[in-house]
Amino acid sequence: MSEASLERGIAALKEQIDAPVAAFFSSCTHCGMCADACLFHTETGCPTYTPIYKVEPMRRLWEQEYTLLGRAKKALGLSKPITEEELEKWQSKVYNTCTLCGRCSMVCPVGNDITGMIRKMREGMSAGGFAPEGLIGASERAVEIGSPMGVRLPALKAQIKHAEKDTGLAIPMDVEGAEYLVLLSSMEIMNYPEYLHAITRIFHQAGKTWTLCSEAFEATNSGIQIGSSDIAAELVGRVVAAAEKLKVKTVISPECGHAYTAIRWEGPNLVHKEFGFKVQHILEVLDELRAEGLLKTEGIEEAKLTFHDPCQLVRRGGVVEQPRNLLDMIAPNFVEMEDSGVMNWCCGAGGGVSANEDADKVRNKAFNRKKKQLESLDIDVVVTACANCRIQLEDGLEINEMDIPILGLTEMLAEHLKEDKPVEEETS
Amino acid sequence: MNSADFLLWVRGTGLQIATVIFVFGVVLRLFEILTLGHKKNLAVTRGSGFKEGFRNILTRSLPRDKNTLRRSMFTIVTGYVLHIGLFVVIFLLAPHISLFEGIFGFGWPSISTPIVDLFAVLTMIALLAILYHRLTNPVLKFLSTKQDYFVWALTFVPLITGYLSYHHLFLNYNWMLGIHILSVELLMIFLPFTKLSHAFTLFIARWYSGSMMGEKGVKS
Amino acid sequence: MSHDETLKESLTRNGVSRRGFLKFCATAASIMALPPSMVPAIAAALESARRPSVIWLSFQECTGCAESLTRSHSPTVEGLIFDAISLDYQHTLQAAAGDAAEEAREEAMKENWGKYILVVDGSIPLGNPGYSTIAGISNLDMLKETAKGAAAIVAVGTCATFGGIPKANPNPTGAVSVSDIIKDKPIVNVSGCPPIPVVITGVLAHFLTFGTIPELDELGRPKVFYGNNIHDRCYRRPFYERGEFAETFDDEGAKKGWCLFKLGCKGPITYNACATAKWNEGTSFPIESGHGCLGCSEPNFWDMGGFYKALSQPAVDVSQTAAYALGAGAVAGLGIAALNRKKKADVATDHQTVTIHDLRRNDPSKTEAEDS
Amino acid sequence: MSNVNTCASLDTGNDILILHEIRHALRKLLDDGESTIIDLRAIPMAPGEEARIEAMLGQGELSATLNALGKSTINETAFSGAWLITHYNTEDEILGKFIEISKLPSILASQHEDIEVALEQLTHQLLV
C-alpha cells in the first residue's frame, strides 16, 4: 500500500505545471487586485488570504524546476526548497479560505486564472497528504459508499417512494434508452427531496423520458474538491459508465455547482476521452424546454425575490442567462443583487469549504459578504440553483438572524407548473 | 572616462550587451513558457477558445465592472496612468521613434515634446503613488518582495533621468543622457527575468485564460 | 615690439584713439562673452596689460585650426589681439625654419620661463614617436619640454583637446590629447574642428586682460563659450518641440527649416558658441545653412555612429546583434524546453494513482497514537 | 505657402524679448539715469531676425559715423534714447552690434585722453 508524501505532492505539482501556469506566474506583478476580489480577504482583512499568495509554493517550484535561472539557482543551492511544514501551513490557505469561486481570475488585470492554479495546487496538496481531514473523509465516503455524505441506495429509494406517492407519477430507475440521465446530489436526497418531486412533474409535463441510475445517482465529486484528478476520474467514471450503459442522450447535473464543473468541464479530461452524450445543468435543460414551449407555468410568485448565482454555474460554467429566462416566467418581482451574474459573490461554502470543519469559523465570516448583499435588497425570498449554496445561505442567514426563505429554482418552477391535462390525455 | 566616452559606450557596447541579453531573454522565456504545453480540452465547448483568447487580450485592458473599479480604484487608476504614460513616453517621443527606426527600419509620427513631457510627469507621479501604496497597503506590503521594489526602481530611473536630461537639470546633459540610456539598458537586461516580463507574457496569460473561459462560454 | 610694452602703449603707438580703444574693449568684451557692463573694467585691465610671449606647437594636425584663426582679415580685433601678444614660435607662420626656428623657441622659453603661454594644436602619437616629429624631436618630448616652463597651456582644436580625428577608431597612431600627458599645468581646452576663431582669441584676450585662465567646464573648456548647448540655443528648437523634423535634405521640412535631429544633428550633446558667435565673420553656423551639427567640439565626435544618424539611434548595428541573440535564445530555449519536457514526462511516467487510501502521510506521531 | 515665405516664420521669439528689455531700460534711464548696453551678438537669432529687430526699431533723428579702427555707425532709433551701434573693421566687416540705452552713447563723447592729446598737439602747433 502506498501513502502520501512530500515527494508525491511535489511530483503531482510538477505534473500540473503547464504553459498557462508558467505564463500566469511570469505575468503577476503583485498588484493585489485579486485580494480585493476575494471574499475571504474582504471579510477578514487578512492579507495572507490574497489569492495569488495561496499558490506561492507552486510558483517557487515552477521557478526552480522549469526556468533556466531558477534551475541554475537551485543547482547553486540558492533557492528555498518546499518543505512539509510549509505545505502544512498552506493547507488553510488552499482549502479553508478558497471556494474556487473564480472572482480573482475575473479581475486579474494580466488575465491570470488564479482559481485554476489553486485547483492545481490542490493536486499537489492532496497527493502530498496535506488535504484537510474533512475532505479526506468525504472522498473516502464518495468512493467507498458512493456519496460524500454517506447516502446509500436504500435512502434514495425511500425518497423515491415518497415522491412517487406525492406526485402520483412513477420515477424511472435504470431505464435504458431514456433521453435524460438525472443525477442528484446527496444534499438533495437528504435535505431537499422537493427537487426530485419537481423534475418528476416537469419531465412528465414535457413528455420527456428520463431515468435515475442505481449505480450512479450521485453527481457531486469530492475528487474535484480535494483536488485529486485520480479520485475525481474514478467518480466521474461511474457516471460515464452509467450513461453509456443506459444509452442516454444527456446527463443532467443537478442543482449543484461543482458537480456541473466536474461532469461538464473536467469530466472528459479526467477520463481522457470525449463523451458520447451531452452534459447539461438542470437549468440549461429547463431553459431549453421553456424555449421549445414544453415548460408551461401558470400564476406568478408575488414575493420580491432575488437569484444567487452559484459560482461554478456563472463564472466557471457559463450558465448566466438561463435562470433569468426561467425567472421571467413566474417572478415579476425579481430583482438582481449587486454584482449579480459573472461577478456575483460566492456564498462562502463552495470548493469543499462546506465539507471542511476547519473552515467553519472563517466560512461564517466570509458569509458577511452575502449578508450585506442581501440586506441591501429588502427581499422576501432568495432563489438559487445549488444545494450547497442553499445550505450555506440557510445557515448563514440563521446565524445572522435574518428570516429569508431560500428556494431552489427548479422546485419553484414546479410549483407554478401548469398541469395541462387535455394535452396529456391526447399524447397518452 | 568623460561624458562623451560614457555616452559613446552606452550607445554602442552597452546597447549591444543589453540588446543581446534582452532578446536572448525574451526568446528563452517564451520557449520556456510555451513548450510546457497545455492539454487539449476534451469537453464539448460553447465557443471558440481561440477567438475568445484574443478577445480577452484586448478586453482585459478595459475596466471591469463598476464595483471592481470602485474597490480597486487606486490600483486601476494608477495602473492606467502608468501604462498609458509609459506607452506615450516610450513610443511617441521623436528621439525614441528615431531609435526604433534605426533598429527596425521604419518609424511612425511623433507627438509634440511638451505633451510627452507632461505624460512623463504623470507617469512618475503614478509610480510614486504606486510605491506609496505598496509601502502602506496591508496586502501589498505583505505581498511585496525585494524584486517588486527593484523593478519599481528599474522603471522609475529611466523616467526621471529622461526627464532631467530633457530639462537639463541636475547634471550636464551628456552625463544625464548617458545615465538615462544606461538605465534603460538595465531595464532591458532585467526585464525578461523579473516580473517586468509581464510586458510580453501578459498576452500569453490573457490568451490562455480567455480561451479556457471562452470554451465554457464565460465572457472573461 | 618689446615684451615690456603695455597693450595701451602699443595701440597708442599705432595711432589708435581712445575711442578706438573703447571700441576695441567693447568688442573684446563681446568676444570674451562678457557683459557690456564689464567694458570699463576691461579697459582698465588692458591699459596696464603686458604682452605675453606665446609659443605655438603643432603636432598631428591638419593646420585647419591655424587656418581658422588666420583667415580672418587683418586688422580685425582678432588680429589686434595677436598684435598684442608676442608669437615667438609657430612653425607654419614664422619665417625662420629648421635650426633657426628651434633656436627661437628655446630662446623664447629661456627668456620667459614660467610666464609664456603654450598653444598646442594637434594630437600626440604614443604608438610610435616616429609618427610625428619636428626637427627630429618627437611630439611627446617637445610637449613635455615646452610645457615645463609655461604659465598655462591652451589646447586648440579637438585633436589637441580630446585626440580628435587621429584618435578616431581604430586610432592607428595611439593619439592622445595634451591633457592626457600634461597633468601639472593649467590647461584650457579650446575644442572644435576647427574652433571658432573668436573663441581662440577670446581665451587669449582673457589671459591678456586678466592674466588668468577663464573658468572651465568638466572637459576643461571655458564656460563662457562652451556653457551653452547648441540644441538649447538653436533657433530651430521650436520645431523639435513640436515634432517637426526634416527627414531628408531636400524634403518640404528641410525647405521649411525644420529641426535636423533626424538627419543626425548632434546639437543636443554639443557645447559650443556657434549659435551666437557664428562663422565666416558672423554670417551663419552649420544648422543655419541646413546641415546638422557634427558635434565637432565634443570628444569622440568622429565615432558617434555617423554624422547622418540621429543621436538617439544606436552608434552600432544592433539589428545584427539582435538577430544573433534571437538565435541563441531559441537554441537555449529549445534546450531548456527539452529538459523541461523530459522532467514532465518523467513525473507523468512515475505517477502513482492517488486513491483514497493514500491521502494521508505516514505521520510517526499518529502511528504511535494508533499503536497505543 | 511658398518656401521663401515660410522661412520668415523661423523665430526664436528673442526679438520681442529684446523690445521688452529696451522698454525696461528706457524706464530705468528715466527714473535713475542709468544707461544699459545690450550685446546683440550674445543672443541667438534666427535668420532674418536681426534685420526684423532693426526694422522694428526704425530710424530716429540722429545718425553718426565714427572712424576709429574702422568705421562705426551710431544711429538713434525711432525710440528716442535707444541707440543702435555697429562696429566695423577696416574691411567693413561687422565686429559687433550693440543697442545702447542712454541719453548719448558714451563713445560719441570726446574722450578725456583724446582731448589731452589734442591740447598737447594744439599747444605744440601754436608754439611752432
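A, B, C and D are the chain letters, set down in written order, and residue numbers restart from 1 in every chain.
As a convention for this text, a contact is a pair of C-beta atoms (placed from the backbone, for glycine too) under 8 Å apart; a residue touches a chain by one contact, two chains touch by 3 or more.
Quick caveat, the model's predicted, so the values are computed rather than measured.
Enquirer: Whose C-alpha centre lies nearest the centre of all protein C-alpha atoms?
Expert: B
Enquirer: Decide which interface, A-B or A-C, involves more C-beta pairs in contact, and give its chain pair.
Expert: Contact tally favours A-B.
Enquirer: How far is the middle of chain B from the middle of chain D, if each middle is the mean of its Cα atoms, in Å?
Expert: 57
Enquirer: Distance-wise, how many Å sit between the C-alpha centres of chain A and chain C, to the nearest whole number?
Expert: 74
Enquirer: Quick one: report the Å distance separating chain B from chain C, using the average Cα coordinate of each chain.
Expert: 37
Enquirer: Going by the contact rule already set, what residues in chain C reach two or more other chains?
Expert: 332, 336, 340, 344
Enquirer: Can you tell me which residues of chain A touch two or more of the remaining chains?
Expert: Answer for chain A, listing residues that touch two or more other chains: 17, 66-68.
Enquirer: Which residues belonging to chain B are in contact with no fewer than two other chains?
Expert: As it turns out, chain B has residues touching two or more other chains at 28-29, 32, 35-37.
Enquirer: Answer with line, ring, star, complete or other to describe the graph linking chains that touch.
Expert: other
Enquirer: Kindly provide every pair of chains that touch.
Expert: The complete list of chain pairs in contact reads A-B, A-C, B-C, C-D.
Enquirer: Would you tell me which residues of chain B are touching chain A in their complex?
Expert: Counting only chain B, the residues touching chain A are 28-29, 32-39, 41-44, 46, 56-57, 60, 64-65, 67-68, 71-72, 75-76, 79, 137-145, 148, 193, 195, 197-198, 201-202, 204-210, 212-213, 216-220.
Enquirer: Which positions of chain A touch chain B when the two form their complex?
Expert: Result: residues 17-24, 26-33, 35-37, 41-42, 45, 47-48, 50, 52-53, 66-69, 105-113, 116, 264-269, 272-275, 278-279, 314-318, 338-339, 342-343 of chain A touch chain B.
Enquirer: Which positions of chain C touch chain D when the two form their complex?
Expert: Touching chain D: residues 16-20, 22-24, 26-27, 29-30, 33, 35-37, 39, 73, 75-77, 80, 233-238, 255-257, 275-277, 281-282, 284, 288 of chain C.
Enquirer: So in the complex, the part of chain A that touches chain C is made up of which residues?
Expert: Residues 1-6, 8, 11-12, 14-15, 17, 65-68, 71, 84, 126-131, 136, 139-140, 143-144, 226, 228-231, 234 of chain A touch chain C in their complex.
Enquirer: Can you tell me which positions in chain C touch chain A when the two form their complex?
Expert: Result: residues 332, 336, 339-340, 343-344, 347-348, 350-362 of chain C touch chain A.
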